[in-house]
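For reference, chains read A, B, C and D in written order, and residue numbers begin at 1 within each chain.
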Amino acid sequence: MRAYAAYLLHRFGQFLLVVFIGMNIAFVVTHATPIDPVEQSIAAATAFGSTSPEAIAMMRQSLRELYGVQGGLWPQYASFWKRVLVLDFGPSLSAFPTPVSALIWRALPWTVGLLIVSTTITWVLGNLLGGLAGYLRDNRSLRVTGLVLMGFHPIPYYIVALLLLIVFGHLWPVLPITGGAQMNMARGWSPEFVLSVLQHSVLPVLSLVLVGLGGWFMGMRSLVSNIVSEDYVVYAELGGVARGRILRSYVMRNALVPQVTGLAMSLGGIFNGAIITEQVFGYPGIGALLISAVHAGDYSLVLGLTTVSIVAVSVAVLAIDMLYPLLDPRVKVA
Amino acid sequence: MKRVLKGLLFGALMLSIVGSVVAQELISNVPRKETLIVENPEGTIKNAGWFNIWAINAGGQSTGLHQLAMDTFWYIDPNKGIDGVWDNSLASEKPIYNKDFTEMTVKLRKGIYWSDGVEFSAADVLYTVQTHLDTKGLRWSAPIQINVASISAPDPYTAVFKLKKANSRFHALFTVRWNAMWMMPKHIFEKAGDPLKFAFNPPVSLGAYVLNSFDANGKWFIWQRREDWQRTTLARFGQPGPKYVAYVDAGPPDKRVIAQMNHQLDIIHDTSPEGMFTLAKQSRLSRAWFAGFPYAHPDPTLAAVIFNTQNELLKNRDVRWALALLIDIKAVSMAAYRGAATISAIGVPPTGTHAEYYHRPIEPWLKSFEIDTGKHKIKPYDSTVGKQIADSLRPSLGIQIPDKPEDIAKAFGMGWWKPDPQAATELLEKAGFKKVGSQWMTPDGKPFVMKITVEGEGRPVMTRAGSMVAQQWRQFGIEASTVVAQGTLLERRAAGDFDAIISWSVETWGGHPDLSFFLDSWHSQFVAEPGKPQPLRNWQRWAHPELDKIIEQVRGIGFDDPKGIELGREYVKLVAREMPSIPLMSYNVFTVMDETYWTGYPNAATAPYTDPVPNWGNTKYMMVKLRPRQ
Amino acid sequence: MWTVVRDLLRHNRGFAWGVFLLGFVLLIAALSFVSPYNPLDSYVVPPDMPPGWPHLLGTTSRGQDVFWMLSFAIRNTLAFGLLVALISRLLSLTIGLVAGYAGGWVDRVLMSINDTFIVIPLFPILVLFYFVMRDNMSWVALAGVVACLGWAYDARLIRSVAMSLRTREFTETSIFSGMSMSRILVEEHLPYVMPIVFSTTMNNINWSIGLEVTLSVLGFTDINTPTIGSMIYWANQHTAMVAGVWWWIAFPVALVIMTFIGLFLLAVSMNEFIDPRSRFGRGPT
Amino acid sequence: MTAVVQVSKLRAYYQTNQFGVQRDVRAVDDVSLQVQSNEIYGLAGESSCGKSTLIKTIAGAIRPPLAVQGGSVVFNFGGRELDLYASGPEAAAAIRWKHLSYVMQGSMGVLNPVRRVRHSFVDFAFRHIAKPMPQFMDIVTAHLARVHLGAEVLQAYPHELSGGMRQRVAIALATVCKPDLIIADEPTTALDVIVQKGVLGMIREVQRELKSSLILVTHDMAVHANLCDRLGVMYAGRLIEEGATRDIFSRPRHPYTAHLIASLPRIGHTATIKALDGAPPNLADPPAGCRFHPRCPLAMDVCKQQAPAFVEAAPGHRVACFAVNPVGVM
């Protein structure tokens, strides 16, 4: 029990460290950007109309006051941490005066949904197939599946997404290639809306799954093929324990332990994938929001998004770490 | 085992079924036949629920908001207009100035109502102007506070502006060319508190449409024709056709093309030339401004290679001219537009009514115009370039290429500067440059580096033009390359953070010969210190006493005074001699309109009544011309 | 070493295929040195020609020969991958070896930082970097940044090996014989971790090329340098897909996929050779 | 007396294929033996002489690269005969644990590390004992008492038990179904001497109670001496002497056996035993003729050419040595 406590403490420390380092990188980088939100706004606001030059000088002044972008680095750093702690990042500069948090909460559900669905499918399916493939070495269909999955594994998310876009958007246009749901449909748990959301998520999810599967598949397969020669498995077979039971409770059960750690470690990468996928399929998540925010030179929004994504990912990792001991009784502070 | 695998296969099958079989209507609860679907080039609106257009880019504006729900005194059409270029919208007549241009009186139409049934009156005008006087940081606060001393309303249908100083162009502030200062509903805003923090959701409309619904994630906005559309200014031209208008984020160019091929996007705002050609070939009912090549609508905007004339090397006119003489406009037109460009040699876009006011009258002068390379004089102008482009395209495109000179001029432009590397060499040497091996060196012996800033994916066509210009300079031995400033271009342009930039410092009314729209801001009084942000539009940061003289004279005369045209021509000759930026072509926009559901779109030949480019506030006039396809 | 390679070639199908694919890719890259065209020039050949003779893989809408462009593109892309791999190897080797050898708090500190870099979503940070450096973001600079973000995962693997080495008696003896830590690491431990370094290099190259392509396609890199990414970028600018100029996108994608699978097969087969218990957790970004 | 297991002409090789180079390690080469019911049969020999492989093969615990090349293993449980390698895996699975159980070498790793001990008993024994769960648990608990373990171990995870406890759990697990034949491979190696004694004693008790047969493999002759009824001695993958433990210890026929016994420390025996020179042969290519001849004190020329036959030298006592009876096999 004390081992568990120590373990948790350690993981939590790690969690704090990740968040801290991440935040600082984000802060430093965003504040090094030469983009000036005020100039961005003015440029955008006056791009087409006819505005006299003195007017612009005046506009610049009042926007500076409005956005409150004056002040040195340290005060900004301090206020940044204050904001992180209360998860309020002030008003967005490219959608002033709407608070950043409002924009993020609007987009976050889409990304989180996308991630949870695709990651679950990927991880479960990948481990299941991988486990079977490792256990039934000479099953043809599994061999083939393995080859296909491994073919996709090394290809970057963008390329896979692009291929899907071309196939289902252009050559055989049966699936929506943009947006998160049908236009002008009332949001809620109505079957139409849910169905529409599902339909729009097929391609993004598919691209994430296709890339992801291979890793889990191979990991699980090699793990399993090592575990089947472990004493306890051999012994169980000598003991005439049913094959299904052996596969489940002896082989898979033991192989899952490292795979769960693997999941925690790869969440960051998966998140990157989600951002790119959203960009390709115009999915209304935080990926698209982030990129447009960077374009608009909107510090506060970029900071908010980076912060939220780092915290979100780390929390997910922490959650997995906490569940880990349930899976492996031999928990020790690693 | 087998069972598990079967299960997996089944799952995959279900997935694809969810996808394919349940193919739905594009928009739910709105009949497609009564809906016009338009691309909003702003893409996804971060802050969808914000309709207070008077707060500086807090939300979207070409989401249909300023096309369908806003209105103000006057509109100037970039093309011919429904009846004339000038339209009195909320005003019942043209602006009335006193003789020294220190007071402007506006007569308002009667019987115009807000969508919530309140009548529009001078009270709203007063409120709008007063609010901008009292509040800092509203979109039009600055120009109002600079110009307006006071405003009064002798009667509910008259507004009188007392100006701080003479300004013969003050009405421009209320004259829609893309947009202008819109009227605020007094009865809403006066209850709303701080006008900077008020979202104005749902918007109360002064136009013929009112908001029906919108996407919280900012991907689409659907507007609905007002029951009482007769009580809006548009009613003078009859009933608007579409019952619903949807402004949507159509994604990247190829997705737009796909969408229109599947008749899910009636108006594409802009696409690549290749996309345009594809639609022309494959989509039977897709239409563009020109029935055939070059298809695109020439916006009254002059795409140019804009130099930063504060940059040491580029202060010298000879250097600028040398660089100009290295450009083969035919290749640039090819690279940027596949030939579908309307070129212009002079500092005015070759569009709308400008050709007859400027390009044609000025051509004799251009033909005789000489520059001195130091070794000898050359006549750089070649009046046949437009024809050459047409001829070079005719073999591949055949009949759709016009052969009547005036048609060619309309489609491809008239003449341009002929490439003359010899003269360029002489000019550079005159300026103290040296060629060492294959590499040009600056007077102080460093390699001659030119970085051309382009916007990248934001404006593919301009990016392509930039790369071609860079290539031509490079081939001459100048170390030239392009720099992508996606998203940051506007700011870098203002900051003067470039050697040369592909952009536009010349934008005009299009329909009206007056040039003050951009020219006034070229006065040397506005040129910023190097490194300081330059107010629009003199991006080249170029000052010249003769120019200042011209501008000051323009300020002194009326908007419609024919003398304005004379002064305009003076300006044209001046910039031709000085070459502060190299004019390339008009900004041609490939707006593609699908006639599957709607007909009556504007076009160059038979219905040039307005600009089809849908993010223009002026496109409200399109609605009354659109009719469902029979 | 060579005998190993020979044996692998003869008896490991994956390895043979990997070598074949990469060989092909490298050949194409090498051809760029004899290209008749300057990759920066456009409109040197008639645009939009479908694959055929004399333009094997057709020509782009910018009037460039796809085949020769491709040879430059893949060359630069590979160079990028190698550079990233090189820098990140140095980082992961140093950190992995030191952490594994020193153990104790040094190890704990290093690994905490390490895990941080594994967990943090890198993409947002990369995009930010682009916007700080803007046009100074040459692909060398980009390689630097990517490398600095991409060492962590392999440092962990190396560390685990180093830890096992530490307990071997030859380490003890060299400690007693008064060798300095750095010498022990370089002369005694490095040889043992080399195999794993090789195999992780392959994965790392894959990963970094993946990033390069993605960033370029999104327009976050210098578009003047022809790479696989910038090729696709230009194709998108000309809506090549809908315009029916499929060869402009298809061939780069095909070639880069070949590269990925080739490198990947090498990594897998090498791993089987070194240590059958190896895992591949990370998916490319 | 009926034979519980009948092994005849059994050959099992380790076949490795390192980059195309085929190697056969003849760990079990033409071995025949039988074990009677209710007897303890010991297998002796230096480590890596193939005894573990032999019983693995008997128990059907073979994994690649180990493969059976020939011969047969026939069980006879209550009159029902079963040829292990002729009949399919189902048939083999059917007898496991009910009739045939197995105690693995170094039983440390035989318990599933991530599940409680209880589950192992359920997985292995529940279906054979065929009683509702509560009774079944009572039976298990009672049986654990036999090996001096409390019920609490059932709730424990393997890593929470000491080596000795785990060993005893393994034995309890192997015996809980009262099988006819128990195969124990070095059950006490890796245990300290005290624990060893206890465990061995325990094994004997259990075996006596259950009246089941036991094949006991260990290199420790002392253990054989005080536990086994009969003893087989292996050298280089072959059985070279077999007989009643008493006879073998009182009068070893084979020089190798003699050496093994001589190397046992005895009270009052001060003379140091001269060690056997040379090392056991490489089973990849064993010496021709008698595999022992390179180390044999009495080696003759014939030993170098021919392998001696394994034949009775006295009733129930078989030996393979020319020095004992000059019969060879071609």
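Everything below uses one rule, namely that a contact is a pair of C-beta atoms (placed from the backbone, for glycine too) under 8 Å apart; a residue touches a chain by one contact, two chains touch by 3 or more.
Nothing here was measured: the structure is a model prediction, and the numbers come from that model.
Separation of subunit A from subunit B in touch steps, taking the shortest path, is 1. Among the other chains, the CA centroid farthest from that of subunit B is the one of D.
The chain pair sharing the most C-beta contacts is A-B.
Once CA atoms are averaged chain by chain and compared with the all-protein CA average, the nearest chain turns out to be A. Annotation: 56 Å between the Cα-based centres of subunit A and subunit D. Subunit C has its Cα centroid 44 Å from the Cα centroid of subunit B.
One finds 23 Å separating the Cα centroids of subunit A and subunit C. Measuring from the averaged C-alpha position of subunit B to that of subunit D gives a distance of 92 Å.
For subunit A, the set of residues that touch two or more other chains comprises 34-35, 170, 294, 297. Across the assembly, subunit C contributes 131, 134, 241-242 as residues in contact with two or more other chains. For subunit D, no residue reaches two or more other chains under the stated contact definition.
Residues 34-36, 39-60, 62-63, 65-66, 92, 94-98, 103, 106-107, 110, 125, 128-129, 132, 136, 139, 141-142, 145, 168-170, 173-175, 177-180, 182-185, 187, 192, 195-196, 198-199, 202-203, 206, 282, 284, 288-289, 292-297, 301 of subunit A touch subunit B in their complex. Of all the residues in subunit A, the ones that touch subunit D in their complex are 229-232, 234-241, 245, 249-250, 253-254, 257, 327-330. Residue ranges on subunit D touching subunit A, taken from their complex, read 59-61, 63, 92-97, 101-102, 104, 106, 108-115, 119, 123-124, 157, 159, 173.
The part of subunit C that touches subunit A in the complex is made up of residues 112-113, 115-116, 118-125, 127-129, 131-132, 134, 153, 206, 209-211, 213-214, 217-218, 232, 241-242, 249, 253, 256-257, 260-261, 263-264, 268, 276-285. On the side of subunit A, the complex with subunit C involves touching residues 13-14, 17-18, 21-22, 25-26, 29-30, 32-35, 150-151, 153-159, 162-163, 166, 170, 211-212, 214-215, 218-219, 222-223, 225-226, 258, 262, 264-273, 275-276, 279, 290-291, 294, 297, 302, 305-306, 309-310, 313-314, 317.
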